[in-house]
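Heads up, the next two complexes both have chain A, just with different partners, chain B and then chain C.
Moving on to the complex of A and B:
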């Protein structure tokens, strides 16, 4: 009996719940050469991996902030399948505090937009990568990040690149999750891990604990 | 005044649970006892090991308690109602055969509506939606409560359950139907932005007037499986209460059904 079959026109459509991810990346002068090339490869890999995953692609919204000569909003939050893959260039100093502040401001604005539009969202993520130490004051940005993390409003992944990355400064942004040092220039392995983590999160349901894969493929354990 | 309510329910395993070979963690239960009609639905919490059993216990216990203590619960203050219900559910969990600690293994949401005479009481903890039909128009009685993030909500075992559980009571007036749905079904049947219900629910409500109970229940199951489940990866469940518009057999008998 056709009368007993509902058509999709009689249903309502809700937007996919979003996973907001902000990459906050060091592009200071010391990243010149192989590091910036590998970082570009990693970002490209991440965007392509998400595009190939239907569920993650509908859910993930990426933003990209760089810190070097200036603090730059390279990409505002948006669907990865509509974003052009950027090519980052290295130069300048390491204004990490200003970059994290900008990322937190962008996250706040995005959450307000989601709420106003009836879009559900998951806990936002910030990936913070640096190969050195900040050249500006990070105290205010670190306090903002820590407050959000302690209130379970934010997850941050602090990653050190190379032997000169100051892990103590990274730790200031992450009261729960210890910073990890990238194994060599294994950016692609890190972004592969990140895309899998986004994929798991985008399929998680209320009450479900999302278990992220071990970071062994890209993290140098001796720094833990 | 005595009236007769028809009650239907169905649950189907979501695509994610099917892929991972996990049981359906949604559960619906209806009970007609001593002139009280109760429909209850519970959605077990994602990765909790005994969430399917927890959902079954929560829905059955809530239905039993509300049917036995309708008169008391409809007069009591919200805090007392919530305390009675959560104490009974938590006690039923820890006294269940083969109980495995901790109690959080059995976490679930809870939605119920009970009707007796011209009054109703409804309770809601967590996500999912309770809606109704008043004079042919659908309305939302209780929206989802997720907290800030999509994959968080509140469960029967949560520390905040006492403060988050919502209780609604009132006169039926022109209300002739109630809809209870898990978050998986709500993905297709509830618009989060406009906080309104999908037109499909009114048509489902009409089935109760036109078809026999087994036909309606089969149609509910079939639509959850073929249409509504396709819009989500989550388990989907739906329970309906419909005021009988035709004279029915004596409502004094007792009946319990699960799905």
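Moving on to the complex of A and C:
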């Protein structure tokens, strides 16, 4: 796997503390049409925003997992300068559990690589977005995620898209942070917020408090 | 009356150019000095460089310099002819202030040294060598020739001239307690000679004036938090009033912070306008207090005047505009550093440290404590021009600095509410050392380590992971950071180690001196000039060649390492092969765990084996470990091979074939040679160093 060699080179060349972010995105059949189009726009916006920011592009590492007819590792962690903006297509069901498991595994592997290269990393983020409910078993993935979150090793942003998104299931993945519902199809606004958050974090020092902007621009609060 | 004979008999006396060139000293050299030299049979030490400098001035365009140098030259000629001086070195030996400092530093243990100079800065720095705690040596005496042609000792104190600074005041040996207008106890200063020879950037006219300083605070000013009335908060285009500058128009905003916004003005200064909720009585009083002490130093954006709105209500203040980019965003990440400063080498980083330390020293002399030494508030234009902003948050008298940054906060005040107590210089020294560390190892906090806890925990436990002397925790992050650390000079490492591990904090002045030495060491090529050296430093005489058992290449290693491998019967593996091995093993494990990518089955967590062989490091599995950080977006330290409990916890043999050499403690004489970045180079035969020759020289006079 040349990727691994390249990755290691990148880590040696650039020992900046990393902010690993994994996007776990629902591309099931119901996302066809406007939703998937807007999602693509959002992802593109995000990647371009990170690329333009000197510090963020040195610190942020992004991965992308989709779940629809299959669970796919669309982008693995690595320098954003190497990653091409993907075009996602919708179709299939909603194997959320498997997707989250994959994301967690990818994060583990990445953390090992960081450790092996002596590179610091900030607490990883997972952004989990769905417009419906999972069609596979999520218990195990949820338990894994919760354990990490409770040990302060992970942060998950669970986000519901549209009126059919099942917030109860999303809640299982995030014991501390209530899931938010995206306003309409405001993916770009969300990714704008996300890129600013990444920027702030990458400019902070390990352990320092980072104040994230309020998500009010793109989210409507759920009263649960 | 100074007993010149006694001094000559006891000390090796150096005289620098400034004293030879000082007009009143003519009488001194022709008179009392000559007599004393004859009666004691001693000689003065005359660096050859001094002769060259004096000769240069003979043709100077400035008439006064020509006159002085003619006088100096004739004195020197007489001294040389009559054997009253011993000339050391050639005219090409760089005997600058730096060299004098370095030489005095190195030889004070063995010899009694004395210096005659008119240069106050040099005198202070040389005098301060007496206060080094690491090594005690013979007391160094520092003299000058005064207006009356007599030898006079530099005084740094109200009375005795030999005391180190006590308790509360900053430790730099220069702490006249005089407040504004009070001249009691001040010793007379010689007027600076017109010719500034071998002068450091910092020698300015202001050094001659008594320093006006703030009082040290005694208790926290807690009142005055009532909001002041503000009928209109000025913005772009509005006018504000300043007593000193009159009506000032606000231009475009150049910064928006949590406290307020900053605008350009038509005066060339910038103006900070506070948010309405920040306009308290206390803030106004603090600013007024800040205006009572002159802080006129380029690079320190001190308030110049308070401004009011059209109703006469306090709204903000004017200050110098800053230039450059915040350290945090232009220096603290390798790619960003290389982008912003493509020509920089390590010497530039070290110079930058020196510049920052000079600024901080300036502030400390005036009893100003920065408090929150934050790399977002230090702007870098280049390695000589640095701007300190957000000065209104500094600690002045009883007004605390209400903010702090975890990584720069001393262990004993971690977690405390910053607005409720006054910081001390000791707290500040911790922050300063952290700043210097994070500059020399760009962006790397000192306590960041593999398998470590939160920064707060590590600081509290003084868990500093870098090795020094016999102590090697082996927990320092691998790769570039460890290499950079190994290439720092011994004294710099020692000072940082003592500060971060043993809680013995190096003062700003001491650190500044050590940084100067480090810079000199790089210039002389005794230390590596690489920003990111790719290998450990191997001390001179300890390097041997070994052949890698994997790739067959010959590499330079530390002799101790070779011996260890031979004793254990293990083959040598070079760094590159070691890394490749580790990668391949990781690859295999991940491939095994991943299965197919299509339908992802589940949750196989890669288990890490504990096989140890030469060239491997044992690992602990999974993601257990200490709780990392309290805030969601904060980082975790890297989880390293040894896991949370350290080497003993794993039960496996920790083998670190490429951990690199330990820097042995040195007696402090032999300069080091850096072998370069792993490439095999034959060491050229070096001619005797300046120091070696000086040793010979001093032994013979």
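Going forward, the second predicted complex is superposed on the first by the 205 of 224 C-alpha atoms of A that agree within 3 Å, B and C clash if a C-alpha of one lies under 4 Å from a C-alpha of the other, contacts with A are read in each partner's own complex, and residues count from 1 in each chain.
In this text, a residue touches a chain if its C-beta (ideal position, glycine included) is under 8 Å from a C-beta of that chain, and two chains touch if they have at least 3 such contacts.
Everything numeric here is computed off the predicted structure, so don't read it as measured data.
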{"item": "Larger contact residue set on chain A - chain B or chain C", "value": "C"}
{"item": "Touching partner for A:123 - first (chain B), second (chain C), both, neither", "value": "both"}
{"item": "Touched partner set for A:155, first chain B, second chain C, both or neither", "value": "second"}
{"item": "Touched partner set for A:112, first chain B, second chain C, both or neither", "value": "second"}
{"item": "First, second, both or neither for A:99, with chain B first and chain C second", "value": "second"}
{"item": "Touching partner for A:84 - first (chain B), second (chain C), both, neither", "value": "neither"}
{"item": "Partner chain(s) touched by A:203 [first = chain B, second = chain C, both, neither]", "value": "both"}
{"item": "Partner chain in contact with A:6 - chain B first, chain C second, else both or neither", "value": "first"}
{"item": "Contact residues of chain A, present in both the chain B and the chain C interface", "value": "4-5, 8, 12-14, 17, 55, 117-123, 153, 201, 203-210"}
{"item": "Of chain B, residues touching chain A in the complex", "value": "16, 43-48, 51, 107, 109, 126-127, 146, 148-153, 155, 183, 187-194, 196-200, 203-204, 207, 210-211, 215, 219, 222-223, 226-228, 231, 233-234"}
{"item": "List of chain A residues in touch with chain C within their complex", "value": "1, 4-5, 8, 12-17, 19, 54-55, 57-59, 70-73, 95, 98-99, 101-102, 104-105, 108-109, 111-123, 140-141, 144, 148, 151-153, 155, 176-177, 197, 200-201, 203-210, 212"}
{"item": "Chain B-facing residues of chain A, complex", "value": "3-8, 10-14, 17, 55, 117-123, 153, 201, 203-210"}
{"item": "Of chain C, residues touching chain A in the complex", "value": "328-329, 333-336, 339, 375, 405-407, 443-445, 448, 450, 454-456, 477-482, 579, 582-583, 586-587, 590-591, 593-594, 597-606, 608, 623, 625, 627-641"}
